[in-house]
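Okay, so chain A shows up in both of these, paired with chain B first and chain C after.
Up next, the complex of A and B:
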């Protein structure tokens, strides 16, 4: 067996992190991801599932509504484990697919409250900020790349994008954050 | 142009893909070749209120039936195509 070294989506051994003014962008490789769809004959799950446009945590998972009867499930810190099996134990009878390695997660935090996050978001995505309080999550294109955007808190966003376009998405997000600083 | 998504509220039309006449939902089950030919090839082209299928491709990937005025581009309403189809099946069942 060759000696393999795991790499982050952006190609380095350690996750990339950059700060522009109040905003910090962090590549987050340790979060596992799986998709969950309830089938017609799936018994009602014990987990509390969020409704349209929302995310919520339950039993150490973060559940993100992605469509009618469908969710993406974050398993923080579990990227190197068998997340599909873990989730299948919690939602028996549902359709579950491991997604971790198809996606990249960037966390964006603000050291100056909600304002920098909102200024960032109004440049990045076509999302109505009056309907995007903490607890909201939606799929929206950022520079033509399909992403899931989560408002984790007033001053914190999570953005899931395609791993194959990790560098392009980082370039888009990094550029927006940098221009917020240079243009004041 | 904003589309009032029944689940997600107002969403920008650029997130959607347009398919066309919502009568595509009403696929004939009679087995008649003439009915199928009409279903496949013939469309009304109204100047005014029109019901059409839109796909929320960059969003939650649901199909919507959007009622739109083709003269003014005013959007008069939107429903989930799934609900429209289930209601139709309920009527014919």
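Up next, the complex of A and C:
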């Protein structure tokens, strides 16, 4: 272990968490992230890869489609490790780049089922909820910031945003959740 | 005053409100306008130009007159239509646009001077002297002619926005809209039903007609209950659809909390972007008036509005005196009947048509016109011209019914042109409007209740059929099917002023003047007279004005023209469009990994695009920024400095063809770059102009990291993707940005190697093992993965060390701690700028889009042995012949300041464009040189070393004698870099 102490994207030693009504927003710094792009003329990997607009889990990884032949790969709990090397062991011959600290992950959970999540999402992003069931993932701007939005479950979202703009994205998401409570 | 019977107000509750400080009572269900009328208040404001006393004209969003300032303090909102302000307990409103009290407005003198204030008067009058316009005329005119005033305090409210998706958006919840929503809802389509009112029903709420023999509210409530029970239907009341945008996107503002004293923690308004596959426009119609002499007195209203106040709000028109109706159609008679049914005395119905008959027990004056009115602050009497002579009627209010204009506005967006229906005497939606938008009901010219219901159903079925929904017919109630039989009587000719546009004080005379001045095309008419502008956008005026102009020109109305309606349909607050974030969160910002460290260590920050970068670090005792910057610069040159350079763009490039790809992107050769080495690279635009420079590090045979300038991180990445996907899709290359992933810290200065030696895990940093322009992955501080690049922007021995961003803060602290004995000093962008100017490195100020490689002394880098983007074009005559070169400048008198932006002239030459020799791109005070220095592009710069020239700054009237020197002020041989 290095003798340096990391900081979370929001600038504190511990991740931020806040609850507004049924919604809880959690900064999630422990999830590793890498990009995976298949090279030309190489055989497809043994992993089950999701298609456009989808994410799915395989071999302990969560793969998010980001473009033709491209995925972002979540490696839960592996943020402190060399995720590119880990992933290269599973997908040899691909172009893999460590992305863990390029992004910040906010998990948004509902204690009251899908409705609060959907009310939250319709204020956050231009996403058609009827086409955004669990298993869906999309790239969408939120308050002018590029994000990846994952519908992890009926009552749970994962939102990946640019790490340097973590504070602005948190402000946006936190504000949406807080205003939903006030509005009733 | 006593309220009438009936109405849709809750008499069990009382709401207290004030208008101009006086306390009144109303009920839930009231608007401010209905409550004022119920309290006998007719006078509510002063007109825009002439400061004429004005009252409530309409009952909806078309209101031109009754503009008030609602609320107080920072929440004061000027120009709020009293007809749209839902009453709440404690509401505070005041009138606007008067000096002195509302009753005795000193600026009413304007009305006496009206002959001087005709349309266009200020275009002709206030022309001389020119300087007076901004300082005197305009402020005076704006003060005299205006509406409400802003509080000039920050908006205390929150706003939000959101996105909704629907198969069918139904705009308007009157009979057509409700029928459409019900049919679509039952068919299973996703429906959004929006209405600007706080209650569903539209015009049905204002009428006394029965549906299936029962009050219309019974049918409305039943439909509402069913729609609310359907999970696929969403009802948005208090929501105006203000515009139709591309691809079926509709702009909507929901007034979430405007009906409450304060929003509490909730938002005030929400901006919705509704993505709808189809939309039914059921926006209804707006009644028009008939201009006659002095037709603007308080108490003169639209007859349909008068009827709405009686039926929906149980109030007469603010007077207990008798009421008259002036009409050119049957609908005016309907108002008389409804008023009488509610106990309002009707003095007469004045019908301009021939051969009309009474429809009830009232006095009818056929073939008659209103030709004058009396009453200073409210209507007292009207003069009527009949076939038997003139007559004066003592009345407290007059309802005017001039026919109905379909609300074609949204159908006119996307340049849809309304078409004239000569039978209905109205513009109806034409072809060419927004695709997917289907007008229905009164806004399509089908204005009886029975027609509107049937049309709403039909149009919904048609709209949904395209989407594959088989919407079944829903049973519709039996409803009235009257026709108005409107006659083409547009105004009453006369000598006195007759108002067409109340809000802008435009009269029939003004239109006649516009005609005389040849301002006849409708767009000229509008701008010349200001007709149809401001908050009501001419909803009650535009068509009448066209008719008057048509009469003057002898053309038909459609020949005269139509006006184009643009968004927004009604006024939309800038707060809701802006989203409500102000201050630090006005726009998103990016923070460097060492931001919090820098903040704790005295940094002043500067915006660099979206980034916040440390500009300099103030130490105790430093009182001027230059002291901090000079200290930082000298610390780098003498010991070691630390600067967060994370903001430089980083693009990870991999793939079998990565080398070929980069060789085509960079003007200079990259194919020969060895693994473990870095090369400076120059990128050109397609036209051969330099646009970005940076470094390219080769980490493996098929793996590179490209760095870009901070400003061009996005554009370079975008252009690389364009090249990869579109120019050379055959290449096997993969790209991804890693700018945020790595915290990168420049460690610069003669002590940098020694400092880094204390952090790396056994890595050999010697000049032999890790020479200038080397790079390597390594670990530091006990196993942390990192990347080290030996590159220099400062001209000193320097490195850039990258670690995962989460460790940036700790790394900076560790470097400072480990380098304390070397005088390790953090430095910001100012010192960075000074260091690079001293070294003669080009940056954004030099790469301004006009610069060639040779101008910055890098002409030889542009390889002629290979092709790359821009290389061939860079050799075209116009660029290749450019003799301007980046040079250094030093003032002859060391106390002088070199001002960036100054233009260069040969000494003694005239200071004009023909003799311009170039310009100063960057300048700074160099503590190393001991004076101000600059970089400049100078004609034939290569051959002018030592020459003294003039740097002229005509904006400030200064001139400085400067000596041309090489652009490297520090270590021109580059020995320090390679030490």
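Methods note: the second predicted complex is superposed on the first by the 181 of 184 C-alpha atoms of A that agree within 3 Å, B and C clash if a C-alpha of one lies under 4 Å from a C-alpha of the other, contacts with A are read in each partner's own complex, and residues count from 1 in each chain.
Just so it is clear, contacts are C-beta pairs under 8 Å (C-beta built on N, C-alpha and C of every residue); 3 or more make two chains touch, one makes a residue touch a chain.
Predicted, not measured: the structure shown is a model, and the values here were computed from it.
Trainee: Can A:40 be said to touch chain B (first), chain C (second), both, or neither?
Mentor: Second partner only.
Trainee: Name the contact category of A:87: first (chain B only), second (chain C only), both, or neither.
Mentor: neither
Trainee: Just chain B (first), just chain C (second), both, or neither: which does A:159 touch?
Mentor: Neither partner.
Trainee: May I ask you to decide whether A:105 touches chain B, chain C, both, or neither, giving the answer as first, second, both or neither?
Mentor: neither
Trainee: Looking at A:73 after the superposition, I want to know if it touches chain B, chain C, both of them or none. Which is it: first, second, both, neither?
Mentor: A:73 sits against neither chain B nor chain C.
Trainee: Count the residues of chain A touched by chain B and by chain C, then name the partner with the higher count.
Mentor: After superposing on chain A, more of chain A is contacted by C.
Trainee: Considering only touches as defined above, state whether A:128 meets chain B (first), chain C (second), both or neither.
Mentor: After superposition on chain A, A:128 lies in contact with both partners, chain B and chain C.
Trainee: After superposition on the shared chain, which partner residues are touched by A:49: those of chain B (first), chain C (second), both, or neither?
Mentor: neither
Trainee: Which of the two partners, first being chain B and second being chain C, lies in contact with A:11: first, second, both, or neither?
Mentor: So A:11 only meets chain C here.
Trainee: What residues on chain A does chain C touch that chain B touches too?
Mentor: Touching chain B and chain C on chain A: residues 126, 128.
Trainee: For the complex, give me every residue of chain B touching chain A.
Mentor: Listed in rising order, the residues of chain B that touch chain A are 7-10, 12, 14-15, 58-62, 80, 82.
Trainee: Under the stated contact criterion, what part of chain A meets chain B in this complex?
Mentor: 52-53, 65-68, 126, 128, 131, 138-141, 146
Trainee: Would you tell me which residues of chain A are touching chain C in their complex?
Mentor: 1-9, 11, 29, 35, 37, 39-41, 70, 79, 82, 95, 97-103, 122-130, 143-145, 162-169, 171-172, 175-176, 178-179, 181-184
Trainee: In their complex, what parts of chain C are in touch with chain A?
Mentor: Result: residues 158, 160-165, 190, 256, 263-267, 270, 273, 275, 579, 581, 585, 587-593, 595-596, 610-611, 646, 652, 654-656, 732, 734, 736-743, 779-785, 803-811, 814 of chain C touch chain A.
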